[in-house]
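Both of the next two complexes hold subunit A, though its partner changes from subunit B to subunit C.
Moving on to the complex of A and B:
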C-alpha cells in the first residue's frame, strides 16, 4: 500500500522476466554443487599440477616440469598402453551384451530368473568381482589352475605375469560390463515396434538380416549409451587393478587412474603435483569422449525440437 | 614463507602457554591416535594406557584406533587438521616428511630429562634428525631367515653360515623337490628385506646407508655386485614360483606345508607360522649368512615409535606419556604382549625362543638398519622395490632395472 516506488518497480521487473529467471533459481542449487564439486576441482587439479607438493609441506611452483617428467616416464607409457588395451577390449562388452540380450529376450518359463542371474555380476561390488577373479586365477588353488592341471598343462600365474596380467583384469571387468550392456539392450528390445518386425518378416527377412537391418537400427539409442558407458568405464578402471594386482607385477598392469592414485595418494606416493598432472592427461583423453557424447546429445535434442 | 612459519610457532607457543595455565587448574584430555588395529598391538597399547591412567588419574585419555593400512593416509590429514596429542608412527626416514613439514614436535627435552639417551641408546640414531629427537621408540623386531628344522634334519643340512653354504643348502633342497625360499612379493616390501640383507652382507652398513640416503648411484659397481650375487639364487629358481601373485601371508602355507624350507621375514611372521601348525621344534631361526668375509654384520630391525604432533593441544601430558612408555618396565610389559623386543636396554629379556635369539643377534649387531622402505625416501622405495620384484621374476632385466632406478634416484635426491 505505502510501498516505496522503487520496490514496486522491481516487482514489475520480476513479473516481466519471471519466466526467464525462475528456471535459474531452480537450477541454482544444482549448479552451485556442480561448480563447487566438479568444475572447481578440475581447475584446482590443473593448478596443482604446476607445483611440486607433498600434500602437507610448502608448495613449490615448477611450471610444466611435472608434464616434462611425465613424458619421460616409462610407467606413464605403460599405463597409457594399458588404457588403450582396456579401451579396445572393453568394447567387446557391447556386442557380447547384445548377444546375451537377444538370447534372453524370449518368453519361456522362468526367463525372469535367468535374466536376473545374468544381471547379477553388475549388482556385485567391483571389489567382490576382483576378489573372485583373483581366486579364480590363483596359480596354486584357483579354478583356472585346476583346469590347466586337468589337461596336464602347467598353470599360468595370470596376475603375476606381465604379459597376461592386463588381459586377466580386463576379463574380470568384462563380466559385470557385459551384464550392464545386456540390461541396456534388454530395455531397448522391449521398445522395438512389433509392426516393423512383422513387416520385415513379410518381406522375408530372417536371422542376421533381420537383426542388422530391422532390429539394430531401432536399438541405436541403446548402443550409443552402451558404447559411452563402456568407454568411460574402461578409462576410469581403477578398482579392479587396485584389488587384483595393485598395479603389479612391477607396475605392468597400471592404468592412468591407478597411476594417478599411486603417485598422489598411496603409501609411497604423495606427489600431489605429479598425480594431478596424470589426472589432467586422463581428463583430456576422457574429454574427447565426453565432448562427443555432449555434441550428439545436443544435436539430437535440437532434432527432436 | 619464513614469516608464516614463525607466526605458526608463535601461535603454537601461545596455545602451549594458555594450556599450561589451564592444566594447573585441572589436567586436560590426552588424545592418542594409533594404528594398532591388530589384536596384539592393540592389547599392548591398552596395557600401556591403563598403566598411565592409574598413575595419572587426573588425565582423561581418549584413544582412537585406526586401521593399520588406512592410518598411513589418515595421519597426514589429522596432523594438519585436528592433531591428537600422541601419534604412533615409524622411525628413520619414514618420519622425515612430517619432521621436515614441522608437524612433529621436538622432544629432545623428554630424552634429556628422563635419561633416554642412555636407556634407549640403540634406537637413538633412528630417532634423530638435525640433531634433535622427534619421538620415542617402544618396540622393534629382528629380521632373519626362519627355516624348517625338520626338513633340514631330514636332508642332513647344517644351518648355513656362509654364502656358499647357503647356496649348497638351496641346491640340495631344490634337488629334493623343495623350494628353498618362500616369498610373496605382491605387496613389494618383502623384496626390500632381501635387498637390504644382500647389500648389508655384500657391501656393509655404511654403503647401504649411503645408498638409501641417495648418495650412491644405483649403477655403481658395488650395487651391480649385489644383484650379481642375488641372481645366484634367482637364476636357479630358488625362490617360490609365481611369488608376484602372493602376499607374504599367502606364501606362508608353502612354508608350513613343507613345500618351501626357508623364509626371510620379520619376527611378526612367527605368529602365523605357529598358527599354521608349526611347532618350535620344526621352526628354526638363523641370522642371514655372511657373504663378504670379515664384514661386520648389520641387521634390519624396524622400530615403531610414538610422537607428539606439533599442533597437539596437550603437550604437557603428552610428554608425560612419552616418558611413561619409554620406561623399562612398561616396555617389558608392552613387548611381552606384542611378541617383540623392547627398545629400553633395562627391560626384561624376552623368554620366547625366537625373540631371545633375535635379542642376542641384535645386541651383537654392528649396526641396525630400519628397512628399505623406511631408510630410503618413499618415492625411491616404491620404485626400488618394484625393481627388486622385477629382478626376482626376470633377472635378465638387471641392467635396465638399475638404469631406471638410477634415473629415479637422480630425480628424487636432487
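Moving on to the complex of A and C:
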C-alpha cells in the first residue's frame, strides 16, 4: 500500500518531495479506519437522532422531537441522576488508589507480588466482576448477608432495592478502578525525586504535611490521568449495570449508556432515533472532559516545542 | 522515598506493617478467593448451604470438565481468540504507521489530526453504536468475528496512536536526521531505523489491547448474536442465565474466561504497566 521506497530513485519528483508526502502515506490506512468507524458515526448518530427509525424500515424526519420527548422522560432523568452519582462516587477511586499506593510503596519481602495481586481486579473482565459481586450481594447466602447476620442485622437485598442498587453497582466498579489508580500512583511515587523528599525532611515536614506540600505536587501527572480515566470509566459504565441488574429494579439503576442501549436494541423496542438522542446527550457531557483533556495536552505540547 | 521506608521505622511499626499487609491483601481479594473456592465445590455442598466455608469435597476436575462438556464455553473462548488476536495485530500495526507519521514529520495539521485521534478515543461507545451496527449489517459482517475485529481495530487505533506517537517523540531525533543525510528513504527509516526501537512499545500495546478486547462486553452484545461468533464475556453472561444458581459452574466459567488476560498480565507485567501508566510520570 505505502511503499515509497520502491518509488524513490525512479522519480525525482518523489525524491524532492518525499518528506512532504510520506506522512500522508503513513497516515492513510489508520486514518481511514478511524474516520469510517469512529469519527463519521458520531455525526451519523447526531443525524439519526433527528429521525424516527426502527433500524430497518424508512426513517421519518421529526426534527428535535426526540429531544423534546427526552425532556419529559422520567427514565431519562433517573439515568442522568445515576450518572451523576456514578461520577461523584467513582472519584473516590482516586484518593483510595493513592492511599493503597502509599501503603504498598515499600520494599519489604514479596512486595512485588503483593502489588501485582492488588492490581489483579483490573485485569478481570467487568462481566466477571459483575457476576462475583452479584453473588457477594445475594440476600440469602451472599457474604454480605452473612456479615449482616453475624451482627444480628437483617440482610439487605442490595441489587433488588431501588435505594441501594446504584451504590451496590458502583462499589463493584470501584474495585478494579481503585486498582487502576493505585498502579498510576505507584508509578508516580517511583519517579519522585528523593532529593526533594530529603529536603522536606530536613525542613521538618512529616506525614500529611509532606504528602500535601512535597509529594502531591510531584504526583500531579498521575492524578490527572487517574481523574481522566475515572471520569471516562464512570460515564462508560454499561457492563456492570447490564450484568448485575439489567437496569432494574424498575429501571432504578439505569445509566445513560444503558438506557440508550435499552431503547435502541433491547426487547423494549428498536427506537434508534431516540437511542441516538440519548447518546448525543451522553456525548455532550463527555465532550466537556475531552475538551479539558485536549486543552491540557495542547499546552503541554506547546511547552515541549 | 515516601512514605518513610518501613525498615527505618521502629520495631513496633514494622510488626504492624507485616501483619497488616497480608490481611489487607486477603480482604482485597476475598471476592476472588471465594470464586476460586466455589469453582471446586460440589453441587451438594452448595445445596447444603455451604457457600463460604471450607468445601467438604473437591470437585475441581468434575466442575471444569462439566463446563466444557455441557456448554459451548470452549467455542466462546475460541471466538474470543479469533477476535482478540487479529485486533491486536491490526491495531498495533496501523498505529506504528500513524504514530510514525505524527511523531517524525512536521506537517500542516499534524497536531489537529493527532488530537482527533486522541479525542475519538474517549467518546462514549453509545454514540457509535447505531451507525456501526448498521454499517456492519450492510457489510454482511453482522454476527461474525470479522465484524467485531474491524470495529475494534479502528477504535483501538486511537489509543495506540497516542501511545506510539509519544513513544517515537521520545526517541533521539538525531538518528533519523543521520539516516536522511545518508540518503535512506523515508520508508526505510521507518522499517530499519525506527521499528527496531519500537519493540517495547509494541509489546506494551499488544498486552494492553489484548486485555481490553478480551474483556469487551458491549460490542460483543451489539455486533454478535449467535454462539458461533459470541466471545466469552457475552457468552458467560448468557450461560449465567442457564446455570441459574449453579454457582460452582458459574464460578468455574468465570475463572476460565478470565484466565487468558490474567496469564498475559503475569507474563508481561512490566510491559503491561508501562503501557497503562503512560503519561503518569512526566508532564
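The working rule: the second predicted complex is superposed on the first by the 284 of 305 C-alpha atoms of A that agree within 3 Å, B and C clash if a C-alpha of one lies under 4 Å from a C-alpha of the other, contacts with A are read in each partner's own complex, and residues count from 1 in each chain.
To be clear about the criterion, a residue touches a chain if its C-beta (ideal position, glycine included) is under 8 Å from a C-beta of that chain, and two chains touch if they have at least 3 such contacts.
Everything numeric here is computed off the predicted structure, so don't read it as measured data.
With both structures placed on the common chain, the touch criterion links A:147 to neither subunit B nor subunit C.
Of the two partner chains placed around the shared chain by superposition, subunit C is the only one that A:235 touches, whereas subunit B remains out of contact. The partner that reaches more residues of subunit A, of the two candidates subunit B and subunit C, is C. Contacts of A:55 after superposition: both subunit B and subunit C are touched.
Judged by the touch definition given at the top, the superposed model places A:64 against neither subunit B nor subunit C.
Within the superposed three-chain model, A:271 lies in touch with subunit B and out of touch with subunit C [touch as defined at top]. Contacts of A:249 after superposition: subunit B is touched, whereas subunit C is not reached.
Shared-chain residue A:124: touches subunit C; no touch with subunit B. Touching of subunit A by both subunit B and subunit C, each in its own complex, is seen for residues 55, 265.
Residues 1-3, 5-7, 17-18, 21, 24-25, 28-32, 34-35, 49, 51-52, 94-95, 97-98, 100-102, 104-105, 107, 110-111, 113, 115-120, 122-135, 150-151, 153-155, 157-158, 161, 180, 185-188, 190, 211, 214-215, 217-218, 221-222, 233-234, 236-237, 240, 247, 250, 254, 257-258, 261-262, 265-266, 269, 273, 276-277, 279-283 of subunit C are the ones that touch subunit A when the two sit in their complex.
Put simply, subunit A touches subunit C in their complex at residues 2-5, 8, 18-20, 22-24, 26-27, 29-31, 33-34, 36-42, 44-45, 48, 55, 102-103, 105-108, 114, 116-121, 123-128, 131-133, 135-136, 141-143, 146, 175, 180, 183-185, 187-192, 194, 197, 210-211, 214-215, 220-222, 224-226, 232, 235-236, 238-239, 242-243, 256-257, 260-261, 264-265, 272, 275-276, 278-280, 282-283, 286, 289-290, 293-294, 297-298, 300-301. By the touch criterion stated above, subunit A contacts subunit B in their complex at residues 54-58, 69, 74, 137-140, 157, 159-160, 162, 245-246, 248-251, 262, 265, 267-271.
Residue ranges of subunit B in contact with subunit A, taken from their complex: 1, 69, 72-73, 76, 79-80, 97-98, 100-101, 103, 185-188, 241-245, 373, 378-379, 381-382, 386-387, 389-390, 393, 404, 411.
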